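Got a structure here, written out as structure tokens. Questions coming.
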Amino acid sequence: MQTNPHHILLIKCPDRAGIISTVSTLLFQNNLNIVVMKEFVDPVTNTFFARAEIAGKLSVTEIKKQLNQSFQHNSTVIDLKPSTKKSIVILVTKEHHCLSDLIIRHHFNELNAYIKAVIGNHNTLESLTAKFNIPFHHISIENKMHVEFEKEMLDTLKIYQPDYIVLAKFMRILTPEFVAAYENKIINIHHSFLPAFAGANPYKQAHKRGVKVIGATAHIVNNLLDEGPIIAQKTIPVDHEYSVEQMVKAGHEVEKSVLAEGLRLVLEDRVFVSDNKTIIFN
Amino acid sequence: MQTNPHHILLIKCPDRAGIISTVSTLLFQNNLNIVVMKEFVDPVTNTFFARAEIAGKLSVTEIKKQLNQSFQHNSTVIDLKPSTKKSIVILVTKEHHCLSDLIIRHHFNELNAYIKAVIGNHNTLESLTAKFNIPFHHISIENKMHVEFEKEMLDTLKIYQPDYIVLAKFMRILTPEFVAAYENKIINIHHSFLPAFAGANPYKQAHKRGVKVIGATAHIVNNLLDEGPIIAQKTIPVDHEYSVEQMVKAGHEVEKSVLAEGLRLVLEDRVFVSDNKTIIFN
Amino acid sequence: MQTNPHHILLIKCPDRAGIISTVSTLLFQNNLNIVVMKEFVDPVTNTFFARAEIAGKLSVTEIKKQLNQSFQHNSTVIDLKPSTKKSIVILVTKEHHCLSDLIIRHHFNELNAYIKAVIGNHNTLESLTAKFNIPFHHISIENKMHVEFEKEMLDTLKIYQPDYIVLAKFMRILTPEFVAAYENKIINIHHSFLPAFAGANPYKQAHKRGVKVIGATAHIVNNLLDEGPIIAQKTIPVDHEYSVEQMVKAGHEVEKSVLAEGLRLVLEDRVFVSDNKTIIFN
Amino acid sequence: MQTNPHHILLIKCPDRAGIISTVSTLLFQNNLNIVVMKEFVDPVTNTFFARAEIAGKLSVTEIKKQLNQSFQHNSTVIDLKPSTKKSIVILVTKEHHCLSDLIIRHHFNELNAYIKAVIGNHNTLESLTAKFNIPFHHISIENKMHVEFEKEMLDTLKIYQPDYIVLAKFMRILTPEFVAAYENKIINIHHSFLPAFAGANPYKQAHKRGVKVIGATAHIVNNLLDEGPIIAQKTIPVDHEYSVEQMVKAGHEVEKSVLAEGLRLVLEDRVFVSDNKTIIFN
């Protein structure tokens, strides 16, 4: 139906008067229609951010050239691309709930991404992926140096060249080298409302501390464990009747929901990363 | 501090290509800076809505003239005004919680409005307003025709000429004539998540129905009882242990919170009314 | 591991002093331990409700006999049963999200029920059930009287003898005769926060009304459309940017979550139905 | 109206079979009716907790004696008292929102406590308390040793002998000596969802970290800063558009709501403290 797909324009630049006028006039003069445009100026860094969905026939090269001429500031970042489906590879360990959720959405064409493959450091979830004809690679960490383990994963990822890597309860810490190879392209779900309970066993920590809310955090992975830019967070109430196991169970519901939401935002090109934070145009 | 106050520009017009370009260029050429601008196109009615906060010295008459020349469509609505504090008159009956909340915000300069006066059809809340030196008018409905009752209120309102009238748990129904005199200027808090439980005794209705959530709705009053455009809604969980009285008590917390939020949106000129619905630029 | 499964004791009777003493002493004298007990007295009807999880070896017949002797009031309802997994049959139409959610939970042994079969009035979801080896019965309504359609369903249900029937976005209205055959045994998910937007197309109704929250309701089906006892409800915020389609999409997330929660409560024998309302011991 | 006030019975003891039977039978034999009783067994520590509301005429000494005879375990804690209004003294600094909220509830007889006095280390809020005829003590920290400052507060508190001390945005850290003088009797509101952002300037920390939820925590004060037993927590969503100031403003709404809720639970004797956590019978 949609012969000319929409394009997504992302701009990040130092703020100054007239930016919206410049951009919108340039697009109008190229017979392009702004379906929706959202802007934000960070008053702390004086940075302008915008995301526009553009309808109309266009040459990406030509429009980008014109935009770059208009801005001419070397810290300006302009990105323009058709709003097409991305590809992902999902990394898992043993827990199924996030993977199941993504596979079902994928199967019914609701994910806005192609799941190219799943990599598991255990083979627990292989039978699930098999039902949906998704390639599964079992890359065990047993009897292996961590660097070797990651090398195998990187080699496998090279086959699929995914736009994004999704850590769907992948319980191993990735080295800075691995992360650097996919900068701002790795999305993780952490099972707590960060920065509370970073690291291992957050529900055990939460139970011990006696909190009255638990939660989950979808974030972009950087070199510092659980300290990357946060995309989405949600919390749910708990009380003294929750055992650690019941917190884990209740938490699973939030984890899969937050990961799905965070991933949607990333896949629709709605997330800017700036200064270890995210600006999200939803 | 703020020698040139910001101005708020509101535009509603049939959608067409180039609107953002036209508006933003016009403002830029007048040396005005768009602090923040948000747009929305209603795909059902093909209507464009925008709200911009504008910084810089301007003549309202001159800019409106230029904007009207640019649009030249007779269904276009352009509003431009300094972002100054509005005035309100609050109508109450006996329950204090919404009035208390607004008075405290007002006292500590957090309301973004001047409370000119409070009108009560009972005098229960007069002692509260007295503590804060807010004029209170007791206009009883006893021994009076409803038309006479409203006439007294309208006469009192004329003294204060408020920008908005706030029904803060005012338990009398206003006639179409009264409402027409303040079209889109009367904000009500209804003690249910409309359209559920319109009319009288919503908590009693909710208790009888055995719902597991209750809520509140801030809306603009029109001629149809509890059917005006909704500004804000919130719900909270309840269970079988709640008596009607406990629902009322829990509901009070939501009511005052939703009214404060809905009123804030109105007072900051963030609410468009269109087709019995609201478009809200927050 | 658990050689003596827990038993669930449910009591509903006219309230009077000493009930807890009577019950707890009777159980103690039978060497039974109350793992957890929750009570509620409805002050409107003066009815006592309790649910206890009981550990220890027991004869259901013997304990029930003793309890009945203690109460001797003919409106008393005493139920005692081992806390075993129930069986369900799921009815669907075309939408997958609730069925997918239940099938995944079932597959990973998290549902607390056996899915005996799925019945669809369309065959859209047959391929999904096939992946998980769950019998699917396509019972079309085409070229058929409604009574005939229901007869076929009832015949199929007779094969499976399910403890509960789950309407997982089953878009046909059941007759009082059908409902009577499974009194208080049919769980439905309605795609609105009832009593708002009962009947067809609730999201279209919600969009038209311009509400700022949407939601879902899990309830027990009775003869009156969407008016049965409510088990669970949840709402989520929406705004003017949501089209009907986006409301539907966002609503799916709530629907599957509320149905899963409502069903869990039913399957764990936590739900009393009384006077078209539910008392839930969670 | 209520000639015989309800009594609240609180029991904490090592778990064993028959406790409920023992307690409920003892009360029944004394012609006392259990209006509502809730229990919890902590499986980690094998501790039994219960709270009962008891109606009927009783001698506290006599019933406590009987109960102690029944339990005879030296780690058992039995508390029995009439459910009467408690008294509180509120400590503040400059921010009004929590104090305003409590004063309004107090004024309209909704607080379930007598506010005996307010102590401020600044005099900012004195004019507010004056309106409601609540004694205000300005105890400045200027030109004073901290120990001297606390001595003045302790002397003032001695006058009022409050059941609880409420820190309603009191921005000074109390010494272990002060806390020890009111063990488990000091309730604080912390402006973050602990354990995230303990210490100073939590909203600034939250803004810097780029979280998508902020929150507040009501907790009992112990010797470790912001590490006491948590009573209540709530979170609200935020996004990149929130400045620190806007987070503070939004946070105020949650803070006052969470403090009011936490305080209600304490004042109604619903909170057990055990092992740096709370068991709450609501």
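For reference, chains read A, B, C and D in written order, and residue numbers begin at 1 within each chain.
One rule holds for everything that comes next: a residue touches a chain if its C-beta (ideal position, glycine included) is under 8 Å from a C-beta of that chain, and two chains touch if they have at least 3 such contacts.
The model shown is predicted, which means the values in this text are computed figures rather than measured ones.
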From the C-alpha centres, identify the chain that is farthest from chain C.
B
When I count C-beta pairs in contact, which pair ends up with more: B-C or A-B?
B-C
Using the average of all C-alpha atoms in each chain as its centre, how far is it in Å between chain B and chain C?
41
As a quick test, compute the distance in whole Å between the mean CA positions of chain A and chain B.
38
Can you list the residues of chain C that touch 2 or more other chains?
none
Can you tell me which positions in chain D touch chain A when the two form their complex?
40, 42-43, 193-197, 209-213, 215, 217, 229-235, 239-241, 243, 276-280
Footprint of chain C on chain A - complex, ascending
96-97, 100-101, 104, 107-108, 110, 128, 131-132, 249, 253, 257
Chain A residues within the chain B interface of the complex
17-18, 20-21, 24-25, 27-28, 31, 33-39, 41
